[in-house]
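So, here's a batch of structures to check.
Okay, so chain A shows up in both of these, paired with chain B first and chain C after.
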Partner chain A sequence: MRMGRRLGLLLLALAAAWHSPALAHDRAQIATQACSGAAGLSEAAATLTAGASSATPEDAAWAATLTGALLDKTIRCGARASTIESPSGFIDAATLAKAAPADGSAPVLSLKNRPLVETARAAATLFAGATAGERAAALRALERRAASLPPELFETAAAREPDAGLKEQILGVGQSALLNSSDVAKRIAAIERIAAQPSRRAETQIAALKSDPAYAKEPVFAAAVDAGLASIDRWLRVSSVANTLYNGLSFASILFMAAVGLAIIFGLMGVINLAQGEFIMLGAYVAYAVQETLRAVAPGLLDWYLILAIPVVFLAIAAVGVALEATLVRRLYTRPLMTLLATWAVSLLIVNLVRVGVGTQNLQFVTPSWLAGGKLLVGDFIVTWNRLFAIVFAGVTLVATWAVLKRTPLGLNIRAVTQNRAMAGCIGVPTRRVDMMAFGLGSGLAGLAGLALCPIYNVNPQMGSNFVIDSFMVVVLGGVGTLAGTVVAALGVGQINVLIEPLYGAVAAKVIVLLMIVGFLQWRPEGLYAVKGRRK
Partner chain B sequence: MSAAIAPKRSLLARAADDRMVVAVALALVATAAVVAGGGLSGYRVNTIGQLACFALLALALDLIWGYAGILSLGHGLFFAIGGYVVGMHLLERSVAETGVTPDIVQFMGWKALPGWWGPLESFPVALLAAMGVSFAVAFVFGWASFRSRVSGVYFAIITQALVYVAMLLMFRNDTGFGGNNGMTGFQVVFGVPIQDPAVTKGLALASVLVLLAALVACRLLMIGRFGRLLVATRDDEVRLRSLGYETLRLKLKVWCLSAVLAALAGLLYVPQVGIINPRVLSPELSIEIAVWCAIGGRGRLAGAIIGAVLVNAVKFALSASLPELWPFVLAALVVVVALIFPNGLLDLGKWKPTLLSRSRALEARDATP
Partner chain C sequence: MSIFTRRTFLQTSGALAAGAALPLGAPAFIRSANAADTVKLGCLFSSSGTMANLEGRLNYVAKMAAAEINAAGGVNGKTVEVVASDPASDWPLYAQVGRQMLTETKVAALFGCWTSVSRKTVLPVVEQNDGLLFYPLHFEGDENSKNVVYVNSPPASSVLPAVDYLMSPDGVEAKRFFMIGSDYVWPRTINKQLKGYWKSKGIDESAWKEEYVPFSFSNFQTLVNQVRAFADAPGGKCVVVLTVVGSSIPDFLREFANQGITATDVPILGLDMVEADLEGLDTKKLVGHLNCWAYLQQAKGEANVKFLSGWKDFVAKEKVPFSPDVAIDPMVSTYDAVHLWAMAAKKAGSFDVPEVRKAFAGLSFDCPSGYKIGMTAENNYVSRGVFIGSVNEAQGFDVLWQSKDTPKPVPMSPFG
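== the complex of A and B ==
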């Protein structure tokens, strides 16, 4: 019963404080109250919070000092006066003047009144905080309880805030407080402003208002709540579509990099390299080696290992590809089916060498500071930097590959041999050398796919096998001989996978993609962009 | 026509022209006799039975790869169809005869085995179902692919994707075939408890005899008109089509026959190992089947059997003692066969160890396989 009465008193004090904004703090009374036991402490804290917006700057500083002392237990509650132990000696708790230390001890903060005191300190610091950082920290502490705080607190604080960025933030947090304002017009405005920044949190916040008495009584208010919810819902749906497309795009980027090498090699030599997945894996491992070397040699550059690794990965994996071509693939060029088996054997060899040599565990990659996090665009659609890296990287790779194929002598030779090997040989194109270079190019591109995967995927010896079959599908769908086919097919396979996944699951997505490709081949057996020629 | 010039010979006499086939057939008869004789340990008998199943699987692949030049990297799918059908059959029989609820009912959250499995309790129905389902799947997929003239490497990687997708599908519990755990806990085979040595012996004997029958039947089929048309399709499909042959039908027939044989192999294999799970659908196993054929030698039936038996015998031996070594051995075998013996170990007789000279390379029997 006593608890109930105290709580009632507390609410009364809060309400009284809200409606008498002009009052300054009665310092002596509050200081005494704070030392008068648990109930008094709660009341003092509530009074301080409620009065924070109307307090003078000196009062705000005093409130911050007092609540800080309460939390840090540097206050001594004496019989007549209380003192605070500050760096410059003991000061009176009410006047902050120098005083003789009182002989009592600090009041004990219970689980119940500690948050109240913390809120009071944050409210005071929001006004009295010396630096923007302090005030921002106070705002974060208030944010969680914003809905139970007087809206004037944020309005006044925003009006006094010199830092423009922080001012915006204070106003944003203030919206939650305004939702509970007694003025319906202010509440409606707050709903509209919250709805303008749609998120799951905003949705729950506004949906909670449906059980508010005003929802049943005031048609204007009800209309505003409904409109706000509808608007948030619409934006959330937009952002979920955007999320799906974005994930599909990043998956397609990886697929493109894995498949473009396969497609070039297949177009040129009629050979599918089943070790392509393992080249992806090796690319990731070389990137890891670069990271570890930088960590040992130049820790300052560690943040940029992904960029520095690009040439290393490309050259290393291209060298592996050239070696594979020269020792194995070249001797089997009239027997493409045997090449499948031979390159499969190589993939088996690579996986097991890595497994024995490095181990089967996932590699630990440092996330560079510039890849961590992302930007919230709309609703809960976040453009994460690591996926954006993969997409941009794939875009750059596409342009570079296009430039190599269209603007360099090697590209000219590759295209010539792809179109007519015998005739290209007759006019002096060194076809075997072109094969070797193209195989190196394709392998290097697979290695780059592995590099792009480092920040977003588990890197272990088995990782390649998860990509190789999807890459095949891209090659089959896109046809050979054109980059455009690979790009469109990678986008198609990537997006279909991601679009179907939430509806029917990842497995169904793969089944449907395969069925679509088999069906598609009925219509266009040579893939999307077949090079015109005689059908075999 | 050559038939007019050459003296008329019986089909069986011509079938015996390939000494290797005769030797393998005789070896199979001898194996069957030894198994039936009962001098071997249960483990040995079981190993022989499993090897016979793998050999049958390789034989099935040789029909399409060796004779029709179509490489399937997804034959594990048909093997698994046979395996899953016989798995359902064995579970039904076990429940009917012992009344013990199998584990699959519990971990799938069922009350009893699904009602539609009921008819599979009868073995003839299960046999027909295994052959029928594998035939149907092969027919639809083959028709769609051959009709649009998908061939060569394209066909190989699409079949690989097919088996991969099937594996993902079977790994799901919702698909309804035991998911990751598959089917196990078979109690009885043909009314005899599965621990009984007679079961091991009977299954191994059946596997060897089915393999023998398949070898003879395939050999007879391949030296006949059908076989010669297949080889012609492999060597120059365009010419054959110009001559008025419907190569789509030829390829489809041999493709379906091969699928049914593979399903039979799975049907015989699963009771011997006592489990079927989605791992038989892994793309690696399907590629391995092609490796057995390549190592043994394609297009001669006997080669596939020798390859499957040799490779798996080494695998069994190594898995017991040095399991880490096996992938390296397999990779080395494939590379050596690919580079030095284009027609597999059947070339061993013709090989002269002049490794480094350019002229030493044994010519592949088919320039465009």
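== the complex of A and C ==
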């Protein structure tokens, strides 16, 4: 009975939407319904969506306010009346007139109601949005659910839209709403429109038409469906290759950043530094300190803290590295096993100091607006900004490190000392100072790795231990002493990992990659790129 | 494993050397036994390693509950002293530290473990020594030891109601399921039981997919790609049943949001997801994802107000390194556990495990969740209420649904 009445109401609203040019919403009733529990809210949202195209401009604005308040939880459902907290004070949910705040709370939107209310708000905003930008955003929200919306919504909205460009877009989206229309030509246009934005969802939507009676009866329609599916399928294959490459590249960039500091400290200097992971962690903590300082001193620059932190992080961690070298590592150059133990002790010390000083909780990083989310490029291929940042950052670091090692006097000295310490000392290279500088450079790079990782991973005192094994793996595989080897090894390990993961799972992927590395090192113990010539 | 153990000892001694161990509590076996008019309770919660951020808080909650009991006059004329330790998220170490606590520190009861794998390692130790372990996490069930008090719910009164809700018209009428878990006993058993449950409802095997990742795994890019592909395939609404633990949870959520999937597209049911996992995340893009527990911070009632203000005061007074404004289910369960133990010891008039165990039957306690939780003579399970929470903008959970009363816990699942 109740179901029937609800359906009747909906049909009535739909019928009204088709026939009368402007029908006023029954504001009081809808507002009460929205506050009457989950079922009532579903009904209210459906009524608002169905009536959006026929509502008066004032009603559309009201509907946008009401649904916005439901989503932002600024509505208070009182026993008698409900109020909305607006910037100018409390207003009545039905009349929008100033009112005393009702005591009550906002209803929690269930998973079923949330999309309904979101659609109702987008439909209302499409008519009542003050700027073209707002209306365009509403159109984007409606686009995903276009096929389930009344086509009249888009027709009316397009007719009223003052902005010519947006009008075109609305008409375009409206086409995909006609997928289930009675006119075959319109349906074919809708298929073409949907196929133009290939995604798995589009594929599912069009593939469902194969069981439509028209598919068997109308050869033109069948051809359009098949062509649409073929085109989507092609793009999906392209996007899946792109996804794999991008994921591999992004993992490789993380591995490379974690390993580049070690490539210098272990690769060039031969020091086994087990505190490398903790330098990465410290780098992230310094980035956090920069963020908090900016928040206190210059909140306007907060969005750019990752960039501003680069020199601070590099210098701070390089200083830590230099201090470690001068106090500990320098005395142990001839005793590699001791270095290993000493740096391990340092790593434990750093972890525990941070744990006690800052706490074990994950640090709260502000995600800069330019790093949140991503962009859907083609088919299913999404470029996420935080990963892209890590890739670009790794690329820049690679170029900078390479330039320092090959193009500066410091780099020349580092290479000379690491290739033949005695000879370099004889011709006047200050070997002790060069050791210190090289260790500082390697540590600073590890710090930068921490900075690059903080938009992707959680930052806590334990994060370093995850990276130290990976970074040794990459450096050893690449061949001790070459930057190019580290790059190629990172790319290889990253890509292979990503290729195996969907097939055998993440656990097996780790095992298989490690086995492959063990096998490879059996065959080529010197790694991918061996330094030619005589080493000490 | 021996390397890890040695490493952990180095770690703890390193912390001591740095003069650091004081606020974290010295490991049980280092502290000497003192004063005869105290009764000791042992905590097995890690303050280092992948579980540190979550388990670390539980040490302090146990201390807070003990302080409340002491303020009310102690138990059987003795003051309660909580002894904390650090098993460092290293599962075998839980057993080792637990054994030391039972045999050397002579604790009256143990409170501890988060992951099921750590509980399984402690299980033989408490059984051999006839000790008592209060376990504060909801878990996979299928275990019924007289030496463990299961303070939180088995799947039948936590996971299944939540899955039922998602499959119902009130939820999203979920038809397909993507299960992602950390690779150990809890996710695997939960998923096995879920599959059995779905089979019993006549759902075909093609409707679900199962993936496991190593502990502290963080690179979820490829897996989230797979979720998107699976969700967009035909066959009805897809939900993700997430059983990864520790630091993997926020990493997964971040990648999920970055790839543009919202809760209205593919909802996540995070079985181990708590407020603490949302710290440091922008939850605006995660609004609507679900969890299910026997307590949520927004639970209504006086007991909860009292608990929350008690925790806030305790954090301020003891300088606890955790947020004063976040309360999670295992905290409340640990709090309940200490109180339940005190009530049982009082009722038995003794601290002997067999006596205390006999006194469990018929106990009930006003839990901060608003339910009156109780124990029967049948087993060591505690009947708790059920909450389904929905992530909100303020890094917390809104109560989306809660059970009318406390369902009777079913230890052995008929679906696994």
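Following the convention adopted for this analysis, the second predicted complex is superposed on the first by the 358 of 536 C-alpha atoms of A that agree within 3 Å, B and C clash if a C-alpha of one lies under 4 Å from a C-alpha of the other, contacts with A are read in each partner's own complex, and residues count from 1 in each chain.
Everything below uses one rule, namely that a contact is a pair of C-beta atoms (placed from the backbone, for glycine too) under 8 Å apart; a residue touches a chain by one contact, two chains touch by 3 or more.
Just so we're clear, the structure is a prediction, and the values are computed from it rather than from any experiment.
Touched residues of chain A were counted for both chain B and chain C, and C has more of them.
Look at A:Val356: by the touch rule set out above, it reaches both chain B and chain C.
With both structures placed on the common chain, the touch criterion links A:Val404 to neither chain B nor chain C. By the touch criterion stated above, A:Gln522 is placed in contact with chain B alone, chain C being left untouched. Legend: residue contacts after superposition of the two complexes on their common chain; A:Leu412 is shown touching neither chain B nor chain C.
When both complexes are overlaid on chain A, the residue A:Phe266 reaches chain B alone and has no touch with chain C. Legend: residue contacts after superposition of the two complexes on their common chain; A:Arg331 is shown touching chain B, with no touch to chain C. Of the two partner chains placed by superposition, only chain C is touched by A:Glu501; chain B is not.
Of the two partner chains, chain B is the only one touched by A:Met473; chain C is not. In the superposed model, A:Leu340 lies in contact with chain B only, and not with chain C. Overlap of the chain B and chain C interfaces on chain A comprises residues 345, 348-349, 351-352, 356, 505-507, 510. Across the complex, chain A is touched by residues 65, 71, 73, 141, 144-145, 147-154, 156-158, 160-162, 164-165, 168-169, 171-172, 238, 283, 287, 290-291, 294, 324, 327-328, 330-335, 338-339, 342, 364, 367-369 of chain B. Residues of chain A that touch chain B in their complex: 266, 270-272, 274, 328, 331-332, 334-342, 344-346, 348-349, 351-352, 356, 465, 469, 472-473, 475-476, 505-507, 510-511, 514, 517-519, 521-522, 525, 535-536.
Those residues of chain A that touch chain C in the complex are listed here as 38, 73, 108-112, 114-115, 118, 199-201, 203-204, 207-208, 243, 247, 250-251, 254, 345, 348-349, 351-353, 355-356, 359-365, 367, 372-374, 376, 380, 382, 384-387, 456-462, 466, 498, 501-502, 505-507, 510.
Within the complex formed with chain A, the residues of chain C that make contact are 7, 10-11, 14-15, 17-18, 20, 23-24, 47-50, 52-53, 56, 166, 169-172, 183, 211-214, 216-219, 221-223, 225-226, 228-229, 232-234, 247, 250-251, 254-255, 257-260, 263-264, 267, 276, 279-280, 282, 285, 287-288, 290, 321-323, 390, 392-393, 398-400.
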